[in-house]
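Reading through the structure tokens given below for one structure.
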Amino acid sequence: MKDNNKKTLITVLDYDANTFVEKTVTDVKDCLPYKDQPTVTWINVDGLDCPEVMAKLNEVYCVHHLLIEDILDIDQRPKMVEQDGHVFLAAKMLFYAADGQTLLEEQVSFILGNNFLITFQQGVEGDVFEPVRQRLRVGRSRLRSHGADHLLYELLDAITDKYFTVVDKVGERLEKLDDVLLKHPDPSVLKKIGKIKKDLLVLRRSVWPLRDAIHSLAHSDTDLVHDETRAYFHSIHDHVIQVADTVEILRDTTSGMLDIYLSSVSYRLNEVMKVLTIIATVFMPLTFIAGLYGMNFNTSASPYNMPELTWPFGYVMVLGVMLCIVIGMLLFFKNKKWI
Amino acid sequence: MKDNNKKTLITVLDYDANTFVEKTVTDVKDCLPYKDQPTVTWINVDGLDCPEVMAKLNEVYCVHHLLIEDILDIDQRPKMVEQDGHVFLAAKMLFYAADGQTLLEEQVSFILGNNFLITFQQGVEGDVFEPVRQRLRVGRSRLRSHGADHLLYELLDAITDKYFTVVDKVGERLEKLDDVLLKHPDPSVLKKIGKIKKDLLVLRRSVWPLRDAIHSLAHSDTDLVHDETRAYFHSIHDHVIQVADTVEILRDTTSGMLDIYLSSVSYRLNEVMKVLTIIATVFMPLTFIAGLYGMNFNTSASPYNMPELTWPFGYVMVLGVMLCIVIGMLLFFKNKKWI
Amino acid sequence: MKDNNKKTLITVLDYDANTFVEKTVTDVKDCLPYKDQPTVTWINVDGLDCPEVMAKLNEVYCVHHLLIEDILDIDQRPKMVEQDGHVFLAAKMLFYAADGQTLLEEQVSFILGNNFLITFQQGVEGDVFEPVRQRLRVGRSRLRSHGADHLLYELLDAITDKYFTVVDKVGERLEKLDDVLLKHPDPSVLKKIGKIKKDLLVLRRSVWPLRDAIHSLAHSDTDLVHDETRAYFHSIHDHVIQVADTVEILRDTTSGMLDIYLSSVSYRLNEVMKVLTIIATVFMPLTFIAGLYGMNFNTSASPYNMPELTWPFGYVMVLGVMLCIVIGMLLFFKNKKWI
Amino acid sequence: MKDNNKKTLITVLDYDANTFVEKTVTDVKDCLPYKDQPTVTWINVDGLDCPEVMAKLNEVYCVHHLLIEDILDIDQRPKMVEQDGHVFLAAKMLFYAADGQTLLEEQVSFILGNNFLITFQQGVEGDVFEPVRQRLRVGRSRLRSHGADHLLYELLDAITDKYFTVVDKVGERLEKLDDVLLKHPDPSVLKKIGKIKKDLLVLRRSVWPLRDAIHSLAHSDTDLVHDETRAYFHSIHDHVIQVADTVEILRDTTSGMLDIYLSSVSYRLNEVMKVLTIIATVFMPLTFIAGLYGMNFNTSASPYNMPELTWPFGYVMVLGVMLCIVIGMLLFFKNKKWI
Amino acid sequence: MKDNNKKTLITVLDYDANTFVEKTVTDVKDCLPYKDQPTVTWINVDGLDCPEVMAKLNEVYCVHHLLIEDILDIDQRPKMVEQDGHVFLAAKMLFYAADGQTLLEEQVSFILGNNFLITFQQGVEGDVFEPVRQRLRVGRSRLRSHGADHLLYELLDAITDKYFTVVDKVGERLEKLDDVLLKHPDPSVLKKIGKIKKDLLVLRRSVWPLRDAIHSLAHSDTDLVHDETRAYFHSIHDHVIQVADTVEILRDTTSGMLDIYLSSVSYRLNEVMKVLTIIATVFMPLTFIAGLYGMNFNTSASPYNMPELTWPFGYVMVLGVMLCIVIGMLLFFKNKKWI
């Protein structure tokens, strides 16, 4: 399931409260000058199809090759690892594709080091980090005067905010289905419910382990995360729990909709059967009576053979009997609350 | 989902065993004089659409701006945080709207400090704190001689009491549905069950994390909660667990009602089908016999061609046969316990 | 749900290995003389509608007023609290009403102090403590030579024994339903299953927290429970777990019965439909053939117009064809295992 | 559920690597001579209806009377208790009765002391310990040179081995049902599934607490279990977990079979309804047409009155039309994949 | 379920960075020369039907006989044990048989000692270790310069990689079924779903305990696993969790498919019933009318006896009425959205 066919794009942002440099580089070695400066360096790698880039980052920033394997594995579960003086964090970016129906997942990995943060994006689509970049460009933002750990917080916050958007969207789709469900329950609704269920599973798989990862981050005793930043990670932890809660509620609602679908189908079957039963029950006795007087017994052979046929009011009488049957049946159904 | 369009209203109550001051202020600075006095100050902020109020509270009472974000987030889960010498507690007020059908949720946040308590209400409707206020106004109430932590207890108690009311109401609605369910099961009942299920989910989401929050509060080692007040928080903790238990039981009951609905629908289908089958099974043979003797075989062509038609008692015999069939069928159904 | 309308009854038993006093008092002050003696005093309060009694007990035995609130709350969950040198334990007594169908719940609270035990019963019905009282009256019972903690054990044991009776009764009711289920599945069975489910929920709600309460009691480091008594509380703990296990198994069985009910209903629908289908499938072709030869085409207009009507064996032939159809259909149904 | 009507049988085995004595005693006092010797003494009590035996064992081996209560309670959950220098272990022996259908449960209790092991069997049927006894009788078995704790291991191993047999048997019964399920789903299958479910619940109730009991045994710091024996108890612990796992999988399979049963029944309903619908849909139009030309409009009253009846090819035409309808209907059903 | 009928095959690989020896031995004693050398020795035993081999390994490498029992038990759950200076690890190899439908399970056990690793394969089919062997044969592989613990990592990695293949295969089979499900739901689909469910249970049973085993391995304080290898075991632990997550999601999807199957069947029943009802409802009134005018009332007996029969436009009128009924019914069904 590797899909790294986008060209790899490396951008570097180097800043402190006073200075700000932004450039796109092609060779990782160009990041070297920023390495040992007290400024914060954010290297963003977009697209994972670049073994030589990885190799160089490894050389320059001493990233363990197991971490590099994790970065390249786009099915990596969200997790947090401390290794060789780095904090590694894997997360999932989620967003709806342009058609508003397909949920896309994108692997993002973070390597937080001393004064630097490297982010790796799978490069499926877009970039939720642009607002953060914008705020960095503006001179006086509070963000500029904080360290790399605060930058990590801001980027995670951008990702979590996107989760809320996705969850809201799923909620909207469920509400739309709710109306259709009772009126026109057909298997296509079932397919749609199935799709929403799948999206919720994707969300769940992204959110639950992220919760643990951020918890570990907030409680780890690494020096890379300053004490004043921990409270911010706690706040993201809260948001992720909020998303997880909503996902569970939506899952519950989705299951409930399946029940409603099933009972709606069987209610409709009931309605169909009632119509059939009413029609059959009214017309069968009538048809029988009509058939009865359609018999060809020879009335002249004996006075017991269908004398009704020659009565002056025979026909009228039969019609009367039929009318009584119809009325009787209708009263019976009324009584049973079928009509 | 921000809905802060109500005007923000700030009331201050300052009291000890002997003195009592209550006033409505427009500027938070007016609270300043009460700050460093040994009396208990309760500042209640109703409506959250007031950034400048928040900012000033921040200045005056040094509330961390992450807490202020939590206060403003009306989807905040119930939680308890100790930060910078404050205890922050978020909870949900729940009550039924005037129509008795819609469950409303209102975010309430508490900031407990040294000798003061600030409460923030989302301002959706009413105020469950009025009885507490009333008791404060009365001179000799025990409440007046306790600290701000005891005031927090009383307010939480007022909120929890409301939960019991809501849970009772849900129980009543379920009981009403129970009667309808077996008699007239139609999809509207399903909708109502769905609505109750949703309300129970809302309750659950409010109650479960509140349980943990109050547990943390009762077991935290903060100086702001006195040892004699802890027992009171334990008692609220018990009440919240009681609510949570009842919610689980109601959820179980609701699921059971869905089963009853489904089996009631299929039982009714069964009844409809029995009527159809009885009618069809009785009249089909009769109609066939009538049709048989309605055939036009030429009786004069051969003595084997429907000689019955010319028999003197042919018609009477046919009627007799039909009667036997009807009786036989009815006995068969009786035997199968269908009638 | 307060239902304290019974008159409050206070009985005092004071005993040690040699002495035994039993009397009914109206004023709690009458208990005072037994307070500071080395004998064990058991005060049993039957009926909770007695604020002044509570107030006096509070004065005399220094019971915290939160505990008194818990005693008066008849929806109190089973729990164990140590406070101000007392051990408080709340439990539920369960028994079937005289009709053998209604499960009654009665709140019982225990306050264990130094050399005394106070029990509070809601007073719904009867008293499961009589056998214990009887054994106390008899001089040489081992019970008399033990402390108040052992008395508490004996009373809890009496309550737990009652649980076993209730669980057995529920099991019996389920077994009775099991027979009805396959033979006459109608919605009344569903109602009965629903009732049993509710009773099991009540049992569960009483037993699970009691388990934890007794566990805390057995493991608490209070001096009020002697080391040799702890083993006894462990044994009650075991019994409560046994009840809880059986309740879970009965809940499982109940769910299974719902499945059997539903599939029994749909199996019966199947049977009904088979009868309908057999009748319709046999008679419809026959009726058609009869109708065919009931047509009035003018046989004299052309030799192609229903020449069968004038054949000498036309009628016999038609009857033969009909017989073949009936036999064919029956063979078809036999083959499908419908008959 | 006490069923202790078998006569109590006491057998004593006393052995070390060199000596071996086996005898049946009637009085517990006969066990006394083996008490203080360094040899291992195994006293097996078969049948629990013997208060005086219990009393004497109590005297001779100082067993706490709460343990004796546990031994006599045949509904005792598997558990492990250390008390007064003894290790008490309760377990359940499970085996199928001779009919291969009824699962029998037998309470077994073990009291492990210094150099002795007392086992109590409820005495329902047989004895799974015979192979162990056989190995003891043989001089050179490794078993003879180990202590009483190793004997306990061997007996528990014999019990656990029996669990595997029972689980395999349940698996076989499920497989047999699997075939029946799709071919002849009738409520008797449901009954059989229900029985298997119950057996699995019994297994579960026996196995889960035994797992904990053996875990406690292996990890307890009693001197009665030697360090080299602990590994053996760990191995039994593994076996019990294996049984528990298989039980869970079988439970899952059983639930799945219920689903298959239900859907098989509804699939069959579908098939029945298709037959009915095909027959009705084919013959109703035909019968109508036949009925149409059975009307008695007076053709001589006007040329518009059923002129078809006098057309030379009227009858042939009608037959042709009917044939077209039949073919059309069959094509329609073919298209819908009903036939 | 023992199936050890393959001949046992023992291969020895002995290597360090510079030397490499590979040979097949028949007698375990041939492994002896490699025992006390600093090179890494990997002994692979394929096929378990070899008590004498086991016995000798026991002698030569001092493996505890309980571990040997575990090695021989092909139903052994994955687990990790440290005993007598060895690390024992049991795992399950999973792969699809050649038919691509049958999931095969093969027991693999590892004994890691000082400088040696012994692997035992049940020998059902093939060998997933060949690639590792290949890399060992190549001189410069990193693998050659690491110890026996790293070899264990590589072999476990090969097994886990196979899990991903199996999980992908199950996912594909589910996707194929998804298409069939809505179009042709018949019980064979149900059987296939049941088979996939079983495979997922097998996977689950293999993966969950392996997760714990590898966790214990990574966190054990044995000297046999070097600190730099621990990170590698953590990475395998991550992979196993990933597999476990996917298995849970697939289980959820499978359950969802059962729901879709059931509702698809009942939707189809609905469709069948609609066709029946439409046909019956249209033709029953028509047939009744035709029957009505097929009655033989004597029109000459009285002017009230079926005067319509002699009206000049009687037949045309009746046909008109019939047409109106058909149109009316069709409009009614259109309105109900049945056609």
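Structural remarks
Lettered A, B, C, D and E in written order, each chain numbered from 1.
To be clear about the criterion, contacts are C-beta pairs under 8 Å (C-beta built on N, C-alpha and C of every residue); 3 or more make two chains touch, one makes a residue touch a chain.
Predicted model only: the values in this text are computed from it and were never measured.
Least step count on the touch graph, chain D to chain E: 1. By the residue-number overlap criterion, the interface of chain A with chain E counts as different, with under half of its numbers used by both chains. Chain C and chain E have Cα centroids separated by 41 Å.
Look at where the CA atoms of chain A average out and do the same for chain B: the two points lie 25 Å apart. Looking at chain C, one finds that residues 262, 266, 269, 273, 276, 280, 284, 287, 291, 294-296, 306 touch two or more other chains. The cyclic arrangement of chains, taken from chain C and going next to chain D, is C, D, E, A, B. Across the interface of their complex, chain B is touched by residues 182, 231-232, 234-235, 238, 241-242, 245, 249, 252-253, 256, 259-260, 262-264, 266-267, 269-270, 273-274, 276-277, 280-281, 284-285, 287-288, 291-292, 294-298, 301-302, 304-306, 337-338 of chain A.
Against chain E, in their complex, chain A makes its touches with residues 64, 66, 69-70, 75-77, 79, 81, 83, 184, 186-187, 190-191, 194, 197-198, 201, 205, 258, 261-262, 265-266, 268-269, 272-273, 275-276, 279-280, 283-284, 286-287, 290-291, 293-296, 299, 306, 308-316, 318.
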